[in-house]
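Dumping the structure here so I can ask a few things about it.
Labels run A, B and C following the written order; every chain starts at residue 1.
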Amino acid sequence: MSLKKIALTELDRFFSAIALKKKIYLPVEKAGQYDYAPWEPGITYHPEVLHTVKSAKSVFFPQSEDLVRYKRSGLSLAIAEVPPEDEEFVVFGVHACDVKGFEVLDRVFLSDPVDTFYKARREHGTVVSVMCPQPEETCFCETFGIDAENPGADVQARICEGTLYMEALTGKGEALLEELGGIVAEADQNGEAAGEGKDAEAYAKGAEEHKKIMDKLPLAGLTTEGFGAEADLLTLFNRPEWKELSSSCLGCGTCTYVCPTCQCYDIREYNTGKDIRRFRVWDSCMYSDFTMMAHGSPRPDQLQRFRQRFMHKLKYYPDNYEGAFSCVGCGRCLQKCPVSMNIVKVMKTLGGAAHE
Amino acid sequence: MSVNDTVDTAVNAEAKEWKPKIVAFCCNWCSYAGADLAGSSRLSYPADVKIIRVPCSCRVNPMFILKAFERGADGVILCGCHPGDCHYSTGNYYTRRRMTLLFSMLDYIGVERERTRVEWVSAAEGARFSKVMNDFVAKIYELGENVKVGDLRCKQ
Amino acid sequence: MQAVSAKIIERAKELMREGTVTKVAGWKAGEFFYDAEPNIFETPESLDGLVYNRFCASNLSKYMIKNSAFESAGKVLVILKPCDTYSFNQLLTEHRIDREKVYIIGAGCEGMCDIDRVRALGFKGITGIDEKGDGKTLVVYTLYGDGEVDIDDVLVNKCEFCKGKAHKIYDELISENEDEGPRGDRFEGVRALEAMSPEERFAFWQGELSKCIRCNACRNACPACSCRKCVFDNAASGVASKANTDSFEEKMFHIIRAFHVAGRCTDCGECTRVCPQGIPLHLFNRKYIKDIDEFYGTYTAGEEAGQRGPLITFTQEDREPNSVSDKGGN
């Protein structure tokens, strides 16, 4: 393991060095809320912020993107393809839940038929994950086997005692840290001179302390029992509790749009008067016009739409992707749902072991 | 034709050096006839004004005004029968309240107040129609291009 | 509020047992103290899960559209706070609720708290909240230490500018507090914006609205937004874009959303409360309310059922749209 470090106070220098060569996305404050946006001089990174409103998926799978443009001149129709991303970029500050969220999207967008737009961004993006700061009571990533202390990605980082420690996990990550050779320093490892492995110690201790908090989280005991590939689809589908659970649902798209794993989109067209832009936009299964067909909506009631969302996360997705769940326990929906209905309540009501 | 198409035809007459694009919604019974009279009386008004005929000023809902701006209009004017003279008795009274609130809202979000206007023009007022349009266009020339409320995709 | 809560549960059980109502719309205790969700209770036993506390800010009147529909059997009991009754009246005015099918318990309210404001004060990992006996302080327990907050500092926006504690419609009242009239000046924020220059106002709204993710929470939570099919969901309308691809779309959406409820909005504050991006959407609605009050005389939507709203009436002397002066600082 090769550990690199940089003092938090030096972060601006670090971002500037990256920004010289490529775009760097990180959580940026805008009118009191945080979302991923490109870094520019003057923007400060706030390591204490746990969640952006929209998850980091918006960097790889933006809420809206053009796919193709048509232009008519006289009798001919010209089709202009929108080229997929071809520039390298860095995403900084992604926490463990959002990193795993990328994997959930990867299984969908990178399996056949491959989504070229998403794939191009994934290939050109280098993800620097950071161990999350103080987790909230709404966090339950461990339920889905996520290791919050070791978020993974191309470069994995932890902030301990005012220093950002980074460790490259992939070739892309190594290349990034190499490029930054003049900015980041080697951390002291065991047995070496100077600091006598002080850095490695701080790095390990940071994780230990974080783990202690993780174990104390009120949702720490939540299990996926009763869901996943082994659960019986029809039994789950026909549970009478769906009715009461869905009775409060307003049918807005908040949970979907803040979710790091929701991947449904709609394709629309916009006539600019000069050309037609065909673009895709995030869609929500909570909406009445979701998957609207000529005969109408296949899910005419909110009960069915509500059930769809949670069945997808906890049953259909695991069925399709070797048992993996399509929830990473980030807790955004717990904090943002206008009526406080969320996946934890669904899991506790319908799940196997949660009734204690 | 949809609202989009209608508005497009009106605003997208090609522009080389900047010329304002102005959409005028005119009611069928008074103002449109007023425009007609202006024409047959050989009174001029700028060619930047594109008229969209509506059955009554009351047919114009706030979305139409915003749509015109979206697709590149620099000014939007709504003309109807004088209060009390509406072909449908009271349509323009409702228009008056709606547009008052809408214009106040546009001002509130920081859009120049003078880009929107409501004028009452009767079928007999060809001269007034011409004057109203000349005044409005002069005002929009003064304000310059509308950059605050429009869809950038329509401008590229 | 605990006493009120206990009485509500007791009465709801009685009314259900004696057959006056078949369902109860209230709040169900959640995972944490602050996340009770609206719920339809169908058995007297399930009512033990009903709660009424400082975090029951959601407005239940909109749920009555579905639950009082004619195919719905029996009466439904609904718990309404004073401000919720305005929305209920407005829905009655618009014939969206069948009054005969609803039994209203007017619940006393001392102001609801906003968990996001508690979080904004720096509390993380909140595991519990207690209300002190003085009714002025919340004790907040967190994973990282405990603390206290002044309730006045964490009120939901709508409660900061409470319309008053009097219920406008009810079948019975369970309340312990007196009406003290409105709290604060609710047009304060609108005035502050009006006093800015057009450029400042434009920058303010650009900053706020560019956060919008078009989740439609503001629309769907709004009791006045009760159209069966919204124009923004109608693909044939030409305005139904599901995302803000251009900054124009967010302005269009929010101006029109507020316009469609102008004269009908009771200022219940749900739009601002539910916005995941913390956009002060009430500033749109209150602007329309303020203008209506100034131009056409003070009007309170939902004050009583059956009123005629200001946009579906007129006088011959109404002011001209062009006379809306530039209120800006220059």
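FYI, a residue touches a chain if its C-beta (ideal position, glycine included) is under 8 Å from a C-beta of that chain, and two chains touch if they have at least 3 such contacts.
Nothing here was measured: the structure is a model prediction, and the numbers come from that model.
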* Looking at mean CA positions, which chain is nearest the middle of everything shown? -> C
* Structure fact -> Check: interface with higher C-beta contact count, A-B vs B-C, is B-C
* Structure fact -> Between chain A and chain C, the Cα-mean centres are separated in Å by 31
* Structure fact -> When centres are defined as mean Cα positions, the distance from chain A to chain B in whole Å is 46
* Structure fact -> Cα centre of chain B to Cα centre of chain C, whole Å, reads 36
* Spell out, as numbers or ranges, the residues of chain C touching 2 or more other chains. => 245
* Mind pulling the residue numbers of chain B that touch at least two other chains? => 4, 151, 153
* **Multi-partner residues of chain A (at least 2 other chains)** => 270
* Where on chain A is chain C touching in the complex? -> 30-33, 35, 50, 53-54, 63-64, 134-137, 213, 216-219, 244, 247-248, 250-254, 256-258, 266, 268, 270, 279, 281-284, 287-289, 292, 334-336, 338-341, 344-345, 348
* chain A-facing residues of chain C, complex -> 30-32, 34-40, 42, 58, 63, 116, 124-127, 142-144, 207-208, 210-211, 213-217, 219-221, 229, 233, 235, 241-245, 270, 273-274, 276-279
* Asked: Which chain B residues qualify as touching chain A in the complex?
  -> 4, 8, 11-12, 71-72, 151, 153-154, 156
* **Of chain A, residues touching chain B in the complex** => 270-274, 277
* Parts of chain C lying in touch with chain B, wherever the complex brings them together -> 193-194, 198-205, 231, 238-239, 245-249, 251-252, 255-256, 258-259, 262, 284, 287-288, 291-292, 295-296, 310-312, 314, 316, 318-328
